[in-house]
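Okay, got some structures for you below.
In the two complexes below, chain A is the common chain; its partner is chain B in one and chain C in the other.
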Partner chain A sequence: MSVVGASWQRMSLTGRILAIAVPILVAVAVLGLLGVVLAGPIVAAFLGDNVPLVRFAAAVGGILVLTIPTAFIVIYMELKVIARMNLRIGPDRVGPFGTAMSVVHGLKFVGKEDFTPTGVDVQVFTMAPVVVFLATVMTMVVIPFAPGLFGLDLNIGVLYLFAISGLTVVGLLMGGWASFNKYSLLGGLRAAAQMVSYEIPLTLSVVGVVLLAGTMSLNQIVLGQSGSFVDWYIWKQPLAFLIFFIAGTAEANRSPFDFSEADQEIVAGFATEYSGMRFGFFFFAEYVNVFVMSALIVTFFVGGWTAPIAWPWPVDLSAVDPLGLGVGLLLLIAIGPVVGTIVCAVPFWLASRFSTLQALVLGFVVFNVLAILAVMGWAFISFDWVVGLAWFFAKTYAFIFVFVWMRGSFPRVRIDQLMGLAWKWLLPAALLNIFVTASAVLILNR
Partner chain B sequence: MTTDARTPNPHAALDDPSVLIEDVVRESIVEAVPIGRTERQAEFYTLRDGEMLLNMGPQHPSTHGVLRVVLKIDGERVVDIDPVIGYLHRGVEKLCENADYHQAICYTDPLEYVSSLFCEWAPVMAFEKLLDVEVPRRAEYIRVLSTELNRVASHALTMGWFALDLGGLTPVLYSFIERDEIMEMLTALTGQKLLFNYMRIGGVNGDLNHEFMSRLGDWMSRAARHIESNQGLLNENEILVRRARGLGILDPETALRMAVTGPNLRASGVPFDVRRAHPYSVFPELDFDIPTRQEGDCLARYLLRIDEIKQSLRIIDRCLHQLPDGPVMARLPRLVRPRPGRAFAAVEGPRGMYAAYVISDGTDQPFRMRIHDPSFVHLQLVGLMTPGNLVADTMAIMASLDPVMGGVDK
Partner chain C sequence: MSFVPGIGLVRGMALTLRRFFEPKATIRYPEVKAPIAPKNRGRLQLLYDEHGALKCETCFQCAQACPIECIDMGGTDTRSRFAVHWGPAETYAERREESALRRSGRTVPDPSSASFAPIDLRQVDEILDAHDHDPRHLIGMLEEIQEAYGFLPVAALKHLSFSTGAWYAMVYGTASYYRQFRFEAPEAAAVHAGAAAGQARAEAPSAARERRPSEAAFLTALDASLGLGAADGPAAGGAGPA
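Let's look at the complex of A and B:
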């Protein structure tokens, strides 16, 4: 014992961490190997029998990872775009053009104290951000990002979507109720009233699209709009698009319908008592929700990942066979970058503001950028999912920009006006839309 | 942590595992409801079924400083309201009694910090009446010019805050364009930012200088167009107009009964303006209108401020045309000792009548100084106009009345 104690005393901090971690890792590895050897066949058979389950787990994992950069990009966009609209510069210190600002925001959340005030209902208080975040993230599972690139192709995709996104209300209500704070309670109740009201026109407006497409699968809805931009459902369902857009804004708690966190009235609404990463989950969920709403608008009405004009892509480049060059390919790989760097450096060198070394470094950077662009261009014209992804994100971020734009320019509407809008205007309009669409489908299909 | 046996730890119950935390919290809630000291308080703090007290302030994003408002709400609807003031009390009136007449000016300066030139003007005018000083005409014109600029700055900010309290993020930053320009102008003129301390007994601190005049000319050439385009952002906004129209209506009788002055009164249709009703300084020589509106709602109060900005621009223009030559300070001794007596002076500030009442006992210090602030008067209206509206409307009404807590608490 004394030997062990003496050794422990002499060890540095790194040594101590390693002395603890290495045995644990070895034990875990051994146990894992044993587990694979002993239980492997059974697990493999189970997984083989349940491919949808495996696919679901993989999709959820992938989507969870995807939410982080998505939220970062949307947050950065909001900071920068609203700053520009407010005659400010916005974040410009951390990273190029301040792009790392939202990452710093995320790290700040992790670093803050995870505070639980006295009097809260601890279990509910803890679970609320998780429910909100997961309900938001799970909706992303069925969104088709590109041909062949989606979490799950459920044949009841639309139904799943609204069922899961409806769970957000539960989370907000939990957070509002459990926080033991009047502002939170008001915020939670406002959020519940608003989202329950707007769920109805939101769902009903999509019924027209479902009638036209004849399916509830989001993939099939997108495929139904393939061709060019004239095939998009926005032209056949303009009223539904309008209703979906307005109700979606309310559903995502965005300005001008951001009552549940109206800071001039109820401080921060349901999130008042939350700090640290718990607030971070609410925050992330909000921005992921914006992304999801934009993606849904794009999927239902603006053609999803389909191109707005009939592109001749993907181009089959298999006729170009680099391997046919033989030794020439090797020479090209060896000489290409050097020659490219020098060629790109020449303009900088001729500009004579730079020394030879600086010109070479700049040339190298420029050459790399050009090479990356060339590779991306090659991928873009060769793979249809890259094309689809590019169109999908272009359209989605265009709508996110519109959401941010609205936040930058609109005051908030009042709660009675908001409810009146939902029940007196959007709901009858959505019903009318269903009626007209169903009649048209009946008459034209006969 | 060591616990001293003689001083019991107030949080001991929280540390005791045998005591349920819910019980402690419940007890603390019961204790936290204040027992009414007056009849009004007793009535206010007695909750009927379904009612809830919501405390807003003194630290709240929309209370314009350190105002505390206790709302009694039934769901989203406000049943009753109790504004609590005094969080910014500095005892300015008492401080002024212990300073000589020149020093008192810089104490009144930070009262209404959004439009501090008016806070100087009223006491200075009262002191001049006590001392019977003839102010040079050029000084009077400079006073009018600088205060009208300050009025524009104040109104621009008010309109921005109004939009911010209704949930719009952008307009407040647009309104800061004008305010920043004017603040830099006045900084060039007075040498100080925000709290100018420019007025003196018998004149002003300094003559117009080149930087001020060049900035002013630059700004005047585009001010009207600029303000117009900025306000287009709000006036043509359906959401804002729908929220503000018909909200918080103040009828002329109530307004007069509650001693409301300024834009809030004129928005109810009463064309009372101290500049015309009780003319002071060189306002009789200047050509301008008193804009009024009949509706008396939040939108009218907001739009009236835009009209007033236009009239202020007109006054500034007239001032620049009619500006006479001459000194900017009357000849006065360093230490002034007015005869015993009393004097009252009122000016039309951006929020209403701003007045000072001074009693002199013949020494070099005022015996008593009383300052009338319009924000204090207008704050009473919140309790009158808010009940029956929604929580969100409380903010809109408060913002449209535009109280500045520095002036309310003195």
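Let's look at the complex of A and C:
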């Protein structure tokens, strides 16, 4: 046996994996560095020539990534908030306060068998969840998250929004039709009927806002509400807000209008034949849809990323320039954490209930928390978009809370009541709203 | 209350929001244990449906499952036809065993002393000595015992079984198999049967009924309860007069 073979025999499993992986990693790193050095200027020039394209790709990638924590947070909120309203405490085993519960839910979906029943139209069956998910995610491209932080500032943003979110119906019908199951088809038709009916008041209610703002760009609509909370369109368009909220609840398939999968009553409707991650994507899309609906309500009526009141004591940190320290900055980066940890550890050490090591660990934790808070505060003060993002998410999650709250409170309506509400009440009210708004705009502007 | 349209929605949501902040009923079980007395078994209660009828279907599953035999049920079946009784005693014969009764602190019936009257056993001992305590002479011994006492007292059979080493089941089985053996005094049986059967059955008393007076009394009572009245038992009632 050769020397190489003998040493291979002596190695543990970890050693063997490392012996294979390390050379590969080294080779990849060297090749990557070579590629950067050789092709870097060319790529940089290409990217520089196509800034809109790069920006769009980055936005789409960022939004796709954003959907994952969003869905997890919404699912966690749903579990926890409804549990508290039922006088339970909800998940508290997985992760601190059960925060990893939705991650485990996701892993469960991945681990399940992705079953394809006999007789289904496989391509359509597989594409249906993708269509539903993408229709939801694509609407997020035009949502302005913060000043300057949006995928695209389309001047027909509102039109794009409702056109794309209407594609969800196509996905639901695809799922119901391709399942080769009459109950799935019926469920798909029910869901499609509901969503098509509620698209109309949903869209018409926004027309009032569009008339007031004079634009269909979502970014411009938000800018039109800048100032304080009295400038929000919710005060000028209360009826539209109400209609949009109700229709949005139905559009997102939320209780009390959750007919497409009324969990207690029907077997998942259009999703009856789905399992595994294809089923998971339907619900992933649903929870992202809740986020999108809340974000749209915030954007149209509650001022988007604008703050409700202007901060009365503006702080200007532009005078503080850490780069001016020069070498001192490097020293600060090197010494600061150590000194901070020791300083934070001293009170614990003096308390003498802790050993030196424990005190140091506690000091490290406390210092990290303080440092993170300081950095976040600095970012909040210094950057417009951080403030905007904070307000946007605060408002959006407040509305998500309301959606979950409603799910914890209301019984489901009947399907005929659902349709009657859409066609007999919301649609006339939306038309009335448009009429009144248009008249007011005409009269007051002349 | 409902003057304002939609006020119900607001009140419902206000309720859930109050619940949101109220203390929670959940007990985190493995870490926290509810203060429950060790003797607590919950509350036993029969439930009623919306019409006020008892929901219990007399399935006896609770009686069978009860670990300490405190549930013992009697009632009618679901169609109100039969009076039924079911308890652990019917289900688990081993719970009536002596060791189980002793463990559960109940009185232990002693069938070898309580179920038959004591007699003077000297004659039995003489007969046994004459047969050298040989169980193979069982029929002869039984015949002599019947001659001596007029019938076969249970105490004598027990003593026979004890002395010869033959199983009591074998002694009793032999005694009950042969028609010449009887377990009750003949004069008492005659009085008993005469009183119970009345005048009508005097013509055709079967040999078996003479020999087993208590059985005859039971059968007569059964005839009466089945509405066969003065007829001469099941055979006479069913297939014509004997």
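Going forward, the second predicted complex is superposed on the first by the 349 of 446 C-alpha atoms of A that agree within 3 Å, B and C clash if a C-alpha of one lies under 4 Å from a C-alpha of the other, contacts with A are read in each partner's own complex, and residues count from 1 in each chain.
By definition in this document, a residue touches a chain if its C-beta (ideal position, glycine included) is under 8 Å from a C-beta of that chain, and two chains touch if they have at least 3 such contacts.
The structure presented is a predicted model; accordingly, all values stated were derived computationally and were not measured.
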Quick one: on chain A, after the overlay, do chain B and chain C clash, or do they fit? Just give me the call. clash
Does chain B (first) or chain C (second) touch A:Arg88, or do both, or does neither? both
Using the superposition described at the top, determine whether chain B or chain C touches more residues of chain A. B
Name the contact category of A:Arg412: first (chain B only), second (chain C only), both, or neither. first
Clash-wise, after the superposition, say which stretch of chain B runs into chain C: 40-48, 58-66 or 112-120. 112-120
Both chain B and chain C touch chain A; at which residues? 85-88, 408-410
The residues of chain A that touch chain C in their complex are 81, 84-89, 92, 405-406, 408-410
Which residues, counting only chain C, touch chain A once they are in their complex? 9, 12-13, 15-17, 19-20, 22, 24-26, 28
Per the touch rule above, chain A residues touching chain B in the complex are 82, 85-88, 118-119, 180, 182-183, 186, 190, 255-256, 258-259, 262-267, 407-417
What does chain B use to touch chain A in their complex? 14, 21-22, 25, 52-55, 60-62, 76, 163-170, 173-174, 177, 233-234, 237, 239-240, 242-243, 390-395
